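Pasting in a structure now, in structure tokens, and then I'll have a few things to ask.
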Amino acid sequence: MSIPVLTQKLLAAKKAKGLSFADLEKVLARDEVWIAALFYGQATASEDEASKLASLLELEPDAIAELMSYPLKGLGPVVPVDPLLYRFYEILQVYGMPMKEVIQEKFGDGIMSAIDFTLDIEKIEDPKGDRVQVTMNGKFLPYKKW
Amino acid sequence: MSIPVLTQKLLAAKKAKGLSFADLEKVLARDEVWIAALFYGQATASEDEASKLASLLELEPDAIAELMSYPLKGLGPVVPVDPLLYRFYEILQVYGMPMKEVIQEKFGDGIMSAIDFTLDIEKIEDPKGDRVQVTMNGKFLPYKKW
Amino acid sequence: MSIPVLTQKLLAAKKAKGLSFADLEKVLARDEVWIAALFYGQATASEDEASKLASLLELEPDAIAELMSYPLKGLGPVVPVDPLLYRFYEILQVYGMPMKEVIQEKFGDGIMSAIDFTLDIEKIEDPKGDRVQVTMNGKFLPYKKW
Amino acid sequence: MSIPVLTQKLLAAKKAKGLSFADLEKVLARDEVWIAALFYGQATASEDEASKLASLLELEPDAIAELMSYPLKGLGPVVPVDPLLYRFYEILQVYGMPMKEVIQEKFGDGIMSAIDFTLDIEKIEDPKGDRVQVTMNGKFLPYKKW
Amino acid sequence: MSIPVLTQKLLAAKKAKGLSFADLEKVLARDEVWIAALFYGQATASEDEASKLASLLELEPDAIAELMSYPLKGLGPVVPVDPLLYRFYEILQVYGMPMKEVIQEKFGDGIMSAIDFTLDIEKIEDPKGDRVQVTMNGKFLPYKKW
Amino acid sequence: MSIPVLTQKLLAAKKAKGLSFADLEKVLARDEVWIAALFYGQATASEDEASKLASLLELEPDAIAELMSYPLKGLGPVVPVDPLLYRFYEILQVYGMPMKEVIQEKFGDGIMSAIDFTLDIEKIEDPKGDRVQVTMNGKFLPYKKW
Amino acid sequence: MSIPVLTQKLLAAKKAKGLSFADLEKVLARDEVWIAALFYGQATASEDEASKLASLLELEPDAIAELMSYPLKGLGPVVPVDPLLYRFYEILQVYGMPMKEVIQEKFGDGIMSAIDFTLDIEKIEDPKGDRVQVTMNGKFLPYKKW
Amino acid sequence: MSIPVLTQKLLAAKKAKGLSFADLEKVLARDEVWIAALFYGQATASEDEASKLASLLELEPDAIAELMSYPLKGLGPVVPVDPLLYRFYEILQVYGMPMKEVIQEKFGDGIMSAIDFTLDIEKIEDPKGDRVQVTMNGKFLPYKKW
Amino acid sequence: MSIPVLTQKLLAAKKAKGLSFADLEKVLARDEVWIAALFYGQATASEDEASKLASLLELEPDAIAELMSYPLKGLGPVVPVDPLLYRFYEILQVYGMPMKEVIQEKFGDGIMSAIDFTLDIEKIEDPKGDRVQVTMNGKFLPYKKW
Amino acid sequence: MSIPVLTQKLLAAKKAKGLSFADLEKVLARDEVWIAALFYGQATASEDEASKLASLLELEPDAIAELMSYPLKGLGPVVPVDPLLYRFYEILQVYGMPMKEVIQEKFGDGIMSAIDFTLDIEKIEDPKGDRVQVTMNGKFLPYKKW
């Protein structure tokens, strides 16, 4: 998986400015995960969001249009081998069917949307070792009958 | 993907008794998702948990030992095509790199454990359409240097 | 790809009764494609739909519960080689990116839902050779920002 | 999947001119989806079509010959992970066998051509959320016996 | 690749009767390759063809309906390793692009149909070693523009 | 699949000269398909053939040696998605086993050589639509016993 | 990879009789490797060979016909993981291109036949550790031009 | 599979000097196949071997160090489609299990080493067509018990 | 991955007897990991070892011959998804190249044998959490030159 | 698998300085395997470690930041074909299930961490051939119940 050029530029500019995604969250009024998704070409900025980001990070003018375009999304057709990424695939392997059972028992036949969807990451401090908390929230979409 | 025989028996017995996973949660004092994982051979019961479940669902005696064995875990080496399961793979495709960036910014080099890990599913009622909330909570494991 | 046992029984009973999917459409008040999806374990019947179908096709009592369960959907993790099925994969190969361009130009960043979705098939008679018309209709889901 | 150079130039020129595919439809007297397919190297222009497009978008002279050549078609040997593209693969996974049943019941043994084929996309406005309507129309080709 | 049960029965009955495909060609007035395709569930018989074959090979009555059904075609999603089959894959690997060039030079943008298609096999006797001659004949289908 | 540089140069020179493969057939006294195979690096020219081609197409001197080298053959380890190429893979999927049955019935245990092999393409004019005729002719190689 | 039923029966009968492949070599006047290939359904016996083997191993009468049929050859579409088998794949990985260079330098453009081919295995005793010697001998097949 | 830069330089220099691998065998006192393996980055030269080769082929000084480094070996994770290479894969497919039977019968449980291993290629002249003889010789390694 | 029948019987008998692999280590005078490998059909017992095990576990007589046969080894051609197994694949992904560098720096061009090889597992008690220690010990095999 | 640019520079500088990983171990007070992992972008240096390494190897200033970044880890989604790397995959294939049995018998349901993990390589001199000893030491992580 190669990192797109715009992503590299955005990450380098953010690093040069000494900004965290949490800092950008305050400026853009968008969640840090959504902003990281925008950095990786997985989300689309409004003109206002693109301009703010471009001015904050002193990007070249072309970047604004690119941040507003509709990206081709996804990592590519592979199971990722990076250990941090892989754990999410493993969670699907181990807890996928249990999640399907519980979601369908609560909601009926349908899915959790990955489009009308938010994802938050929190650091839960814990003396036995800090914990990562990932909260996914997606609209339930029942299968339509016709 | 074929459903293991024990899983089929457990699901059938639960259905025959008219029990939900939430009902089993009260009896076993374990989360409904963990219990569904046990049904699918993805988790291991203690003797006490296995006995309670066996007596509640009137299982054959062999089932107790099987519920206490150490299962070979996972769906198998595939990207699942069931739409509910696939959405979790898509979340990894679209939000995997953004999650990596934000987790590492908050925690440093390491991963979220998928072993010292819990997963909860809640139904958030919403007039515009109910929402599925999945909360994953895993210990952060920093890479050891040596 | 093996055909599930229930599917085989449903198809055999339908054939024995000399019924077409169009005939079933009249009885169940559901589209013939949706009914064929139910036959293949890709959709879930209500109790009323399952009972009507079971009595029409003289199914064994177990079939009603199975028709009402939440199926594990999909053909399996493969590109189908049956020529009729493959043509739909080829359409995605050839017209996938053009569809993405046109849909996003008309709607913005998002997708056509495959859940809040209907699919109809019509025979268009034509002296130069009859034509198959497939109409897909899915709700546009814009990407949520957060 | 990398976007071919000619495709990038065509999309950039179209954007610079502020033209939509619907605008090009009027000039070329071809459907917007077919024109998007031409942009992506999935269709072949006549000399007249290529010249009109080249003059409208002020392309370099080489582009005319390239638009008239016979392209190597397809996205490549993968299941696409972009969510918009993937939904069409999912439709094949979930509704493939039902479509096969209904098409063969109506037409006999054969396929819907993906060559003698048209594809239209319409926006259906709906207060509960606009809908994408995709209409595929292909000649039925019965299997020849010999 | 497992051989379907009906195929096994047909091949066994043919062997028991001491018949070649060339013999069946005379009875059914269909080419031997088409008949072999019917044996392998890759083609569909008319009622008359199925009855003739069933009576000639003394098949059980169920076989007639099965020979008349619309089969799920193809070997499965694999590159075959049997050396005889593999050579046809190798021909595609080595001569695929040259064939594409020559066909398109002669016909324009389009394909050779594999549906409106016949395939004959002849033995060409040759003192230096007999030769297999395979003649494929398919309708040219030009890409439709719309 | 990327087109090799020499192939691109050969195709461009041929186009610039306004020559068809049929024209080259007359000059080189080799079949047009074999010449297209040479263009795609799938065959090896003699010094005489390479020189004639180089002088006809005004190639740079290096090209002669390259045309005479022993190429690494094949498209690459994939099932091609280009529709024209795919149809030959589909023919193998659908008619592979029937061809094996008929060839072995006529010849015994062995294969059709893809090396001592010729391939011709003819255009058969037909008022109902022209037809592509592909004739493959390969030496039968019986399995050696030892 | 599952071992075919006939293979299992042949191996069991050979073991019960206390015979080695070298013993069978004397009876059948065929090389032990070819006989092992016959056991694994990778070669075809003549009627005489099949009868001799059947009587020596006291096989059921059906076995004779099966030994004389034309098998579907190959292990299946996989890289084998058994360490003994894998080493042959590794030899292809490491020495494949060097073999191609040397064979083509000695013979020109073509291949070593795997059909007009023999394979012998010898044990070379050596005080530093015995050695396995595998001798492959295949007819060189030059590419035909046409 | 792309040919490494050093390999290309070595092959070009060898060609320019008009040397065969057999000629290099005399100079380096190593087998021609091993030398071809060195050319393809599959083997490691001693300082003496690298210097001799560099001076014979008039290589740039950097080449000596590269010829002495420990290469990352193998063609890559694919089944090769080049017909000459593929035949060795086919031999493994067809004769793999028979070789395993015969080797284990002669030697016990273990493998033929692909490291303590030599490979020779000889041209056997034959009026019915010359033959390629490949002799592999590897130390038998018995499985250690502990 | 399905567990072989003999493995299931061995594991069940061991469980019924209340024996650990460490207990079997004392009886067979082989390491517990080697014995577990024998259980899983990955190693070959001598007659003495097979008899001792059969009598200890009260196995049926057939088991002795099966324990002494030469197994087809390996899990199958997949990356395992069971989390315990996967971690060893991940170690190869993350530390594979570093191990190659260090081993080659210490030993030269060659490999660690996986045949002349032992593997031990120890439990290292630790108040911060017990640790698994896996010690692999394989003969270094230098690449032979010839 | 392509070697990253930074890795190439680090290896070249180390070679130019005539340093081994064991030499670097003394300077950095980190194990040689960990340092090799850092070279391959599989580990993250502290500022102090990065500076020491940069000054020792006379790296360009940019390298310090890169050595301190959080890398995307892993070789890529493939089974490696390099023989040294492959042996570790083979060990997983052959000894994976036995290791799972023994680890779970000693520790219960859980895994050996590949994050809280160390790996050492030692050369064990042996007159019958030196041996490679790889010691892996990872924290046991029991599955959490909730």
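Things worth noting here:
The chains carry the letters A, B, C, D, E, F, G, H, I and J, assigned in the order they are written, with residues numbered from 1 in each.
Everything below uses one rule, namely that contacts are C-beta pairs under 8 Å (C-beta built on N, C-alpha and C of every residue); 3 or more make two chains touch, one makes a residue touch a chain.
The chain list, named the UniProt way, goes like this: A, B, C, D, E, F, G, H, I, J = Cyanate hydratase.
For clarity, every value in this text was computed on a predicted model and none was experimentally measured.
Following the contact convention of this document, C, D is the list of chains adjacent to both chain B and chain F. Across the assembly, the mean Cα position most removed from that of chain C is the one of H. When the contact pairs of B-J are matched by residue number across C-D, A-C or A-B, over half of them reappear in A-C. Taking C-E and A-C together, the pair of chains sharing more C-beta contacts is A-C.
Per-chain CA centroids place chain G at a distance of 30 Å from chain I. In terms of their C-alpha centroids, the spacing between chain B and chain H amounts to 50 Å.
Computed from the mean C-alpha positions, the centre of chain H lies at a distance of 32 Å from the centre of chain I.
Along chain D, residues 34, 72-75, 79-83, 90, 93-94, 100, 104, 110-111, 113-117, 141 each make contact with two or more other chains.
Remark: the chains found to touch one another pair up as A-B, A-C, A-D, A-I, A-J, B-C, B-D, B-I, B-J, C-D, C-E, C-F, D-E, D-F, E-F, E-G, E-H, F-G, F-H, G-H, G-I, G-J, H-I, H-J, I-J. By the touch criterion given at the top, residues 30-31, 34, 43-44, 70-72, 100, 104, 108-111, 113, 115-118, 141-146 of chain E touch chain D in their complex. Within the complex, the chain D residues that touch chain A are 1, 15, 78-83.
Touching chain I in their complex are the following residues of chain B: 65, 72-77, 114-115.
Partner chain F is touched in their complex by these residues of chain C: 79, 81, 83, 86, 90, 93-94.
Across the interface of their complex, chain B is touched by residues 11, 20-22, 32-34, 36-37, 39-40, 42, 73-75, 79-80, 82-85, 87-107, 110-114, 116-117, 119, 121, 123-124, 126, 128-141 of chain A.
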